[in-house]
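In the two assemblies presented below, chain A is common to both, partnered first by chain B and then by chain C.
Our next item is the complex of A and B:
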């Protein structure tokens, strides 16, 4: 009843000059449509349903079948794909590589990002030269398409004289370092290239967080006699807590699901030394055509991501802040 | 300020000097951090540019950044072999995707910000939950869906896909922006006779512009650079359909060791989008810092 009332009064306000009944009805109709939330949300919800919700269900369903890219027939094999996956050496190797890559990436990117954000914030507050330039350079690295980053680092790390790193090391009297052909060093190379790309994201998030710390807090702490380290520990960090949480979650999700950079840099090699879960999933789908197996791998990847995120929510205990 | 450092190290001034010395130390460390960061993040790009300007024979020898007799031959060769076309495709896909994303998310963000209805909070959380699902996880069913709909090997399909994938994040960001705008504005507009559509168009759109700019810039960069979806959906089609990222990847695999050409392709993959971003990064960073990224 109240809804009806507001509707009619809206229409009156809407078109005060009009005496025409038809325009009035159209106005009322438009008003009643646009005052429903569904009108505003529908397109977005449709897109999400088709391109996100349904595919998530579908990947679970696919993982229970023997679907293949070559034939159109498929039948349910239930947990067979998972049984095969858990029984294969390759699966544990990709799990190990993904874990190692992700942990190193999280530590590196958050550490470097926070350090850079602090340096830039300090420079801006002190009026030094250079913080803007530094910020732009770091952000530019983030903008470069992942596949091109892989290519750039491949060129940098070539194991001939063309590779600038090896060339420079050679001039200093070192031998050729097998950056991409040694199993262990290749992992380090992939992590380094990943940090080159990812650091900017945590830097800019931390920087945004730092800018929102009110100057009064620092001044008050200074008056209370807190040194720079104490100010960082007791003023900056607590204020950054929710940003740290968001950045950690996003960087984790991002590194666990890494694909394009590694695809271009090493394609998982040498052997399987840098083959992360996403890469092995993609290969079983489009090189071996086993969509069912690949879907099972994707489901495992999704599960790993969700479990890790849930653990973060427990650890951080930010319930009072969201 | 500067005059005081060289005056004295003794007596009553000692206190002042110490804090000043400490400050200079901090400044020094800060500059060192800037220097190292610039070296690490800029050098690879400079090096690739340097390689791209060399003749094929000069790549093995020198370490100089400025090659002695620079040549643009590799660019000419690379652009002729398809890169120009792929760049046009990428621009087309990115512009239409961003337009679509804004057309779909702006009303939805308004809706989530201005209406109170049953299930609003859970719906919002569900939408944000998709943010945790990486596109790579659902690339297989997406490929299957697109194949069924006959939308693989088509730019239209890719654009629809990008819109669908980018909605959750953009919605989250824009909704935060709408939340920062006081509802008094809505009420005033209502009294002035605006319905909700008009309120959004004539009253709220302007204050929400920084948020729209962030969403537009972010999504443009993302769709320009995107690889997995483009590669999966478009590679069965002809080279004419390729986007820049996937084109360069395929190209790199064909060229084997022609490093100057590969470097030139990489530079073309880097420079336009970085210039675009550097020109607009002010709005991007301001939108992020002033606005609504709530913890």
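Our next item is the complex of A and C:
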């Protein structure tokens, strides 16, 4: 609206009678439009509104209804879905599994990702061969869809002699391990598969962070007498602080919302041993057809994610980096 | 404090056919408390040499001795050296005080209070005591360089290594810091190796200069020695601003002759064979403007660059151009036809092929031997 008003007033000032006058006027219009922040923000604003804000609003509205996939009628039940959700044993079980899965994912993905990134960075700085190959291999885990990774792991962990891992263990003289049917081992299997996949992401983030650390800092630290551990502690880690922050937040968000890999690998089983919040939401929607309940679960999951992220902002003092 | 010696130092990078020799058979010694400036163009091996002394790069061949002990196998912190880097290399997440303290924390058993005391006294020496709580981000270039110097000084090392410490500073700050570093080095009396590509820094700061090119040492000597008695054409051209004029001549009897140029052969060049070609080197400041047709050559003044007290005039003589430093404005104008001449003791003669100086003067201006020679020649 502001843009339009300016265009009109500019047009009134210029005399568009001559050809060059018209060109000048058009040029002025274009300049006045493109020099406004709104012009450049508009595409992103539209995109976010249509594809993100509106769905969030719609999910929130749905969570207040008894919307179902098997009937076209719906009525507002207001907080009934939330009352049922928070009162159910299942919710706390999935919350526990999600928490465990997320904490383990964060620790493993950050630890393994940083370790791999350090190894690659070391190789690159020393001019060794192999960093590119390692990077490609690790990254390939990242580009394969989670559902396929879930299936691959499922095949590997089959609880017969056909399963790759059980077959190998059998050759070493071990019995069949119930990777997916024992409640506790299944959780470990899911965490392992998730970490295997997610490590690639944190590795590439950490590697990018490490590349930013000037070589001179390491040289100065060597002259100052810092050994490899001290250099890591006093140079590398502080320089990676902002990357650690970003990776932690993103890995947390991904883990809290994990769905595809677990869906393919265990489908939440055995029992509900590996059922995370996102999976229970899916089951509410497409097994029980309770869209209202599924929407309420989604809203709670969003709240959990927001709260955890807010806690991170408090814990990490990254005001300098931002 | 200690004497630093390099014996036949060699450093190659890479293996097999791809290997590059960055430093070749470099032998140098720096006396206790001396400031030696390693100077040369980019890629001449000066920084590699410094890194080898620091222990940041391994040595391919040869020995480095500090205080008489070979240090080739020692880690940087065991060599009792400190280094100042071109980009300061301050730890960005630490305050100035923490930056100063870090080396002490890593290498000494001093308590926090003792370290703090050392930090404060060093900061006072460098006039950065007000900046101790600030992080590098909020410091100016000059302040950062002081903190970087402080980080080196605080450990009281035997040898200071400085890798182009002033090249990131603006011109006026650079000249101030140059004097300060020189003063500091004299006060602390620490053996120092200072790397730079700036010949002005080398001339003004050094006790001795080591000029390097392509990994090999060209000349080591006091700054004026290198200026007045260069061992080869490279040193002659590298040291001095503006660069030395070079004229290709042939000896014909008792004269050096070129197109539009004729000059009597100085006595010290008498041994050179007639009929051979040589390169004559004459510094712009040594050339006088004389009446046309009276000096060594006559030419037309081209571009004149006024600098205030002096000007640089470019005089075209046949197919060469000579740069001349003249007195301030008005001495010569563009288009003037002028004669040029210069005293015989200011003429350098180089072999055309090898660039080696073939008739170096015997001493510096003011030396007794040189005064005698001058009277003989003139």
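Following the convention adopted for this analysis, the second predicted complex is superposed on the first by the 302 of 322 C-alpha atoms of A that agree within 3 Å, B and C clash if a C-alpha of one lies under 4 Å from a C-alpha of the other, contacts with A are read in each partner's own complex, and residues count from 1 in each chain.
Note that in this section a contact is a pair of C-beta atoms (placed from the backbone, for glycine too) under 8 Å apart; a residue touches a chain by one contact, two chains touch by 3 or more.
Model, not experiment: these values are computed from the prediction.
By the touch criterion defined above, A:89 reaches neither chain B nor chain C.
By the touch criterion defined above, A:235 lies against chain C but remains apart from chain B after alignment on the C-alpha atoms of chain A.
In the superposition on chain A, A:285 contacts chain B only, with no contact to chain C. Looking at the shared chain after the overlay, A:73 reaches neither chain B nor chain C. Of the two partners chain B and chain C, it is B that touches the larger number of chain A residues. Shared contact residues of chain A with chain B and chain C: 241.
The residues of chain A lying in touch with chain C in their complex are 214, 216-217, 219-226, 230, 234-235, 238-239, 241, 320.
Those residues of chain B that touch chain A in the complex are listed here as 26-27, 29-31, 33-34, 37-38, 40-42, 44-45, 47-48, 51, 59-61, 63, 103-105, 107-108, 110-112, 115, 117, 120, 123, 127, 130, 132-134, 136-142, 144-145, 160-161, 163-165, 167-168, 171, 190-191, 193, 195-197, 221, 224-228, 232, 244-246, 248-249, 252, 259, 262-263, 265-266, 269-270, 273-274, 277-278, 281, 285, 288-289, 293, 295.
Against chain A, in their complex, chain C makes its touches with residues 54-56, 75-77, 81-83, 85-87, 89-94, 102-103, 106-107, 137, 151.
Taken together, the chain A residues at the contact with chain B in this complex read 10, 13-16, 27, 30-31, 34-35, 37, 39-41, 43-45, 47-48, 50-56, 58-59, 62, 115-116, 119, 122-123, 126, 128, 130-131, 133-141, 143-148, 151-153, 155-156, 158, 160-162, 164, 167-168, 171, 196, 199, 204-205, 207-208, 211-212, 228, 241-243, 245-246, 249, 253-254, 256-257, 259-260, 263-264, 278, 281-282, 285-286, 291, 294-295, 298, 301-302, 305-306, 309, 318, 321-322.
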